[in-house]
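I have a structure I would like to understand better, so I am pasting it below and will then ask my questions one at a time.
Order as written gives the chain letters A, B, C, D and E; numbering starts at 1 within each chain.
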Amino acid sequence: MVAGAWICLLAPLAGALGITLAGQRISRRTAGWISTLSTFVAFGGALVAFFGLWAADPSDREHVSTAYTWLAAGDFEVGLQIQLDTLSSTMMLVVSGVGGLIVWYSMGYMAGDDEERRYFAYMSLFVFSMLLLVEAGNFLLLLVGWGLVGLASYLLIGFWHHRPEAVAAAKKAFVMNAIGDATFALACVLLIWETGTLEFAGVFEDVGSLSSTTVNLVALGLLGGAIAKSAQIPLQTWLPDAMEGPTPVSALIHAATMVTAGVYLLVRAHPIFEATPDVQHLAAILGAATLLVAGAIALVQWDIKRVIAYSTMSQIGYMFLAAGIGAYGYAIFHLMTHAFFKALLFMSAGLVIHHLDGEQDIRRMGGLKEVMPRTHVAFLVGILALVGIPPFAGFWSKDGIIASALAAGGALGYTLYVAALIGALFTGAYAFRLYYTVFRGSQSEYAAEHAHEGHGEGPRSMLVPVWILTVLSTIGGLVVIPGVWHPLTEWIGETAEALVDPTVAEDYETSTLAVVLGLVGLFLARRAFQAGRQLVTNPAIWRVLEHKLYFDELYDALFFRPAVALSVALRRNVEEPVIERSLDEIGSGTIQVGGEVARVQSGLLRTYAVAIAFAVCVLVVVFVAVR
Amino acid sequence: MLTTALILLPIAGALVVAILPLPRETTAGLAFLVALMEVGLWIAAAARFDFDDGSLQLGTSREWVESLGISYSVGFYGFSLWLTGAAVIVSAAAIGYAVWIGRDRPRAYHALMLLLTGAIVATFASQDLLLFYISFEAMLIPLYVLVGVWGGARRQAATLTFVVYTMAGSLLMLASVVAFGVTQGTFSLVDSGTSDNVWIFLGFAIAFAIKAPLFPFHGWLPLAYREAPVEVAAVLSAVVSKTAIYGFLRIGLPKFPEPADDLSGVILVLAGAGLVYGSLLAFRAPDLRGVVAYSSMAQMGLITLGVFAFDDLGLDGAVLQSVAHGLVSASMFLLVGMVEHRCGTGELASLGGMARGRPALATVVMVAGMIALAVPGSATFAGEFLIMAGVYDQGWGYSIVVALGVVLAAMYTLRVISAILHVKPGPAVREGALDLRPAELALVLPMILALLVLSAWPALVSQSSFPGNDAAQAISDGFR
Amino acid sequence: MDGPDIGWYLIVAAMLFGIGALGVMLRRSPLIVLLSLEIMLNASNLTLIAFARQRGDLTGQVFALAVMAVAAAEVAIGLGLIVAMARRRMVLDVDQASALRG
Amino acid sequence: MNVTNPFYAALALIGNLASLAILYLLLAAEFLTAAQVLVYAGAVMVMFLFVVAYLGGRADAPWAGGPPLLRTAAVVAAAALLVEVVVVLGLAWGDDLQDPAQVADSFGSPAEIGALFLTDHLLAFEITSIVLLVAAVGGVVLGTTPEKEDD
Amino acid sequence: MIETPSVDWLALSPTVALLSASGLALLATVVVPGWMRKAVTAAVVLAGFVTAAVLAGVVFDESATPEVLLSDSMARDQLAAFAQVILAVTGAVVVLVSWTERRRDSYGEYYSLLAAAGAGMVFFVSAENLMTLFLGLEWFSLCLYILVALDTERAASLEAGLKYLVVGGFGSAVLLFGSALVYGATGEIGFAEIASAEPTDDPFLLAGLAMIVAGLAFKVSAAPFHMWTPDVYQGAPSSVTAFMSAATKTAALVVFLRVLVTAFPSEADIWTIAVAVIASISLVWGNLAALAQRDVKRLLAYSSISHAGFMLMAISADSARGGEALLYYLVPYSAMSVGAFAVVAARERELGRPVTLESLAGLGWERPYHGIAMWTFMLGMAGFPLTGGMFGKLFVFSAAYEAGDWWLVLIGVAATAVSLAYYLNVVRWLYMRSGPELRLAPAGGSPPRDLALGAALGAAVVVTVGSFFAVQPILDVAADAAASLPF
């Protein structure tokens, strides 16, 4: 089964290399197929690994396999090793499965783009990196995967490199992630010096023996990485811009997999976080804050993908919340369901965009229900799952989280609980605002002229994955039914045992509340839509939300401009005047002195005689005087 | 014997090229052939080299001046062999580029390039203080003319500043060499003991600091890197700067344990300052070469941090990073040259949009750039991580500085990548500007591939650089 | 012995030497400069002979004799030079001979 | 020393040399006295006068002139030289300058000097002759410069 | 009847060989018809120098133990022989260099005087008492006065001659007076005897020593006794300049070493310091002034002053190693300076006017051979590796450092750093000027082939580079030579 894990890891890499090396020699379509198949092969490998693990005895569900020593210095060694356990196997399934579907989908979506090959190479590279991330057997390798997904996301966001916004967004994403990587790396450095190893097992053993400051710092470092990657406050600003990339990319990277890596890290490194509850709670609080802020901002966005992006942020906020209070099972569970329905949403949004020749502004859509009924169904399912209407997938996972917050109790627990519930309300509101403005009502003239019947809703390669995901979003949540069974949470629990376990009662009361709030949101959105007005009417609030709470402006003023100013100042005031010119000055100075010296050589014979005479006198005086 | 061959082959080649009155193409081809043979020789050497016991190997020693204890003694340790490898590959690529670009006065040009190669190899191989000094200086002779004759508009200022500045440094080193050799009674690095004279150490340290260069001794760098012929700049930043690192590793630390320890604080601070300073300047440099030049200055600061971490992680990291940075900065410089060749300028403002329709260029630039900014998983990342980890022991602040450097590197590298490849074509980019020709690819790809191999297995270098894979021990024992 | 102490001879010699030096340093006519050189040499001669006498050792005298010859030779060459300069219509003034300078 | 006309200067020098000759005599160096008179008063001075005559009035350059600083410097230097030697004398006066060695009458006689020249100082003798020869050659080479107007 | 002393003809043989060459040349100028006069005299003198070199080699071989001849008037030891070899070889090379020198017909005299001067120096280095010292000095000085002024059609040449004569006369007068004082103090003129004579710190002795140091420093052209050097070097015929810069310095330095070490060991504590100071003044002064020069001969003159500084450094060490260092340094140095002046001479003849930096422009590309040679010499003088200059500096420094004069080493290092600026500047003009500057050079048109000069350059380059790789043998010989002094 370990072999399966390795196959799962390497297949996409092979795909990526193959496409790159083949270059022009293969058709774009072939490239697409190579990428898709390699991903599905990976999925196969994941299945093998998963069921192998499933069949294995519960005590024997953690396997570490090392290929070779990747990096070594003195007696410090880091192997290229993968760890196969319940957590990673689940993630492998999600990543490769959803990934495969999305890659497949993008064959249709990207058809006709003249750089398809590059696209698919990048996609495969991403899948590989993501799998490396989830399979990594030690922190350094995890960091490597961590960085590589960042790279892939940079490449894919900036895929349409002729568009300045795309390039800018890509750079922004990369730099912000680089910050995360840096803190992550620093955490690793600390671990090396404190524990002498970076292997999960080794580190987790020693966590107990570390000083609290050390643990705090390590945890903070990891958290920083997680926040950057998962676009949580305060490093969230890159994600919305990342929507500049092709839609499938948004679906895969910025919804289903990469952005949730933060959650995975929190769960994976839970012993460290548990050793320092404050930091862990900080994660939860940040998650809560993000889910509220993002939800609120989503209320006022006009770009269909940005709305979904903000919803992603807020959903990840839920996961952080869960991980923060120790409900690891639910965190991963929500991660999975969210992967399903958010990918679904993005892909059906992609269908719409594709259908409208790349239009993304929802103000120019509307009434698409008639023109694209199947898409409409898929999208609706996605929305319901998102809002958490039973029995759709989102319902089970999200309510599990909220319930856990309740169960956690204490001031913190209750605040988080309330926040989560309000978040549910927001979710309902913005989700249905989106739904109504896009699919209901009368067609906008733009939609009318572009949405001509006939050329269907898209090629099969796009529709089939959508269907599959629709199904998954519908029934995918049934693996955990409070009071009935929860195999998934237990399964995850084997690796990361949950700290809180909501009772059935808490579960049901939470569910009712959440569902009700979601429905309230629905009705608000509906009323506003029918009245033809906005959800947020207060212009001041509107402006604030529209500017995303001015985070971009803040960072621009706080970091970017100072950096530029500093660099320019250094060049103007240090480099050129001091460092460079000083040399010239020294040189010319010496030469001037030389000129003076040479001038003494007057050419007058008698001066020479005088000079000699004087020198002789001096010599004689000295000689006679010394003795 | 093999080592001597490694040193003599390029020099002999230089003489042949200089003397034989061959037609242009033949001359250039011959030079390139010699460079390739040099690479082949190195491979042979590496094959003979037993990396597990990292003691001095492939050594030769012959008395030169008995009365002063000067000897021609050469040989390799793991790290010097790796540095040499980078050197020969880079200079082969550089010579190849010169051939492709068709430098005029090929006989003189290639003779000098080969001479430079020989001097560099000799520097890395020398196990005698004076031999080290000699080859350290000998590098300047060809560089002076290469920059001064084939350089850009302000080449004369550049070359004079460069040589006089570096020479001033190495003359201080000469004073130190004399003092050390005379007090020790021998100049052999193998036999001589340690010294605790701070002044002597300072002589060496300043010379190396200028060569690297470390902040604030980099006054020669901007002009030299801008005005030099691009392939010479490549050799300069990729390899010549590394001789300073070799100096620190082979002489500075082992021979002067106490002084090095006493002054490590200062040097670390300077190195850190250089890292940040260089990165910041690179971040706003107006032209391609400026960015690469300052970034390589930042990298040297980083490597020096690793060296003066005094522990396995830092030292191994420094070596790994030296090799990786050598390869990557050479590829960057050559790519810069290829871009400038197409657009006639390196001004970032007038470039852009070259990715469209030029897949090869786009891919190579992207890969090189990503390795340059040390994306996790790359060899440079491995090196930087080791250094970051190693220098932590000297003070957590340094690790933070390294981390900061990583972020800044991301900023300026992305800036330059986008400036070349992305958005709409700049004024200087003609539609007709071609994609990389096969010849150019053939020059850059080997280095990129080497980097990818290193990325897949950085331990290859980091594990085999020092005797007994125990850098700190080896250094403190003075490689006995 | 008859005559003053050796010391006085030496003082005379010193004065001659000084005068000669002064001449070289002050006069501008090459001829007179040559003369001054002669005087310096003679001063040395006087010293030599004085010491020879005082030591009762003839080496000094021999030395002095050799010096005379040398002095004569120097004069010969010097005069030849001056003649050559005069032939080339060069002004016979050492201050004018300052084309080579810097 | 402040005669402007080289002719008189030369004559003055003759006087000077003659008086030196007397001093030599007092120092019991008869042969040298003779030589002094012959070589200088004879050969050298004659050469001088020839040249002076040949050059005619053109020759005399004014006294001193040039930068005043230089002049003062010259005087100072010369004075310093003089003073130093005198001081040295003063330092050394006490010990052995009083009592000169007793010497035979033949001291400084041509015979002895000749003997020395042919034995101990043979080389010196030879060299002297060579030097004179060289001087002769030089005088000829330089003297026989053809007149040149151009350049 | 006087019994004539037995003369060791072998010791004198180099001198005699050169003298006879000179005499023959002189004869030839009279008897040989004009059209072949130049050839004959040149051949004779060349032969003379070569024989002298060979004989000096033999002497070196024969006289392992130093001995003093002719009632301590000259020494026969390896130090003298070593110097004589250098001198003779230099002379031979200069003969080659001067082959195509244009001059009014006095070729015969030129060569005969060259030989005479060579003979003077060859004798000078073996002088063992103050009289022979003075006479030898005057001997070659007089020859040089004439040689410098020989180009009587050039005003510069005459001016140089006059200056050299007057200042030189002044210098030798000082030397003579000093000798007189020393003689007075000790009653001896032989070096060894002076050393063994009673009065150690007799004021006469000290004053005399001071004046002797001054007189010799003058010949070495060390600052502040150097001021004649630039003018004379610039004005003199280039071949003569080459000869002076290499040979005069060699002779004067060797004698300097010999006198100080042999005759004044008990005053070492003073003269070491004095020499060290003179050395550092020369280093600073020479290098700084050289920075400002445009005329190449003048530039080289100043550089020769700074080199004098380096070599005096070695003398001031007052140790066997110092002697070795000096003697080793002399080998590459004389080769480099003769070579450099030879290149200048060639350019001069080609352009027919004094050589300034501007008129070197592009020489490196027009005349690759000369260019590379000049490059080698410049780098060598700057002390770059691959030339003996580097080892020369190294040995001098280590000698000084051993003697405890670390400050002197630092001054030397600084001076070298400064000197780079102008040495490299020459290379820069050779290779890196282009376009307008090149118009100063005659466009195309290769100069008259000059095999003799080519050969001379070749020899110089070979010595310059060879002395780098063959350090040990040269150093051994130098060590033997230095061993003949009582350190």
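Everything below uses one rule, namely that contacts are C-beta pairs under 8 Å (C-beta built on N, C-alpha and C of every residue); 3 or more make two chains touch, one makes a residue touch a chain.
Here the structure is a predicted model, which is why all the values come from computation and not from measurement.
Note on connectivity: the fewest steps through touching chains from chain A to chain D is 1.
Any chain bridging chain C and chain E, meaning touching each of them, is among A, D; the list is complete. Chain B has its Cα centroid nearest to the centroid of all protein Cα atoms in the structure. Each chain gets a centre from the mean of its Cα atoms; the one farthest from the centre of chain E is A.
Taking the mean of C-alpha positions as each chain's centre, the chain lying farthest from the centre of chain C is A.
Chains C-D form the pair with the most C-beta pairs in contact. Our note on geometry: chain B versus chain E, Cα centroid distance of 43 Å, whole angstroms. Averaged Cα coordinates give chain A a centre that lies 98 Å from the centre of chain C. Averaged C-alpha coordinates give centres for chain B and chain C that are 66 Å from one another. Our note on geometry: chain D versus chain E, Cα centroid distance of 29 Å, whole angstroms.
In chain E, 131, 135, 138, 142, 145-146, 149, 152-153, 155, 161-163, 166, 170, 181, 203, 207, 230-231, 292-293, 421 are the positions where the chain touches two or more neighbouring chains simultaneously. In chain B, the residues touching two or more other chains are 160, 164. Contacts with at least two other chains are made by residues 587, 598, 601, 603-607, 609-610, 613-614, 616, 620, 624 of chain A.
Every pair of chains meeting the contact definition is listed here: A-B, A-C, A-D, A-E, B-E, C-D, C-E, D-E. By the touch criterion given at the top, residues 604, 606-607, 609-610, 613-614, 616-617, 620-621, 624 of chain A touch chain D in their complex. Contact residues on chain E toward chain B in their complex (touch as defined above): 321, 324, 365, 379, 384-386, 390-391, 393-395, 397-398, 401-402, 406, 409-410, 413-414, 416-417, 420-421, 424-425, 427-428, 431-432, 471-472, 475, 479.
Every residue of chain D that touches chain A in the complex is listed here, in rising order: 66, 70, 73-74, 77-78, 80-81, 84, 87-88, 91.
Per the touch definition, chain C reaches chain D in the complex via residues 1-3, 5-7, 9-12, 14-15, 17-19, 21-23, 25-29, 31-32, 34-36, 38-39, 42, 45-46, 49-50, 52-59, 61-66, 68-77, 79-84, 86-89, 92-95.
On the side of chain E, the complex with chain C involves touching residues 130-131, 134-135, 138, 142, 145-146, 149, 152-153, 155-156, 158-163, 165-166, 169-170, 173, 176-177, 179-181, 183-184, 187, 189, 230-232, 234-235, 292-293, 295, 298.
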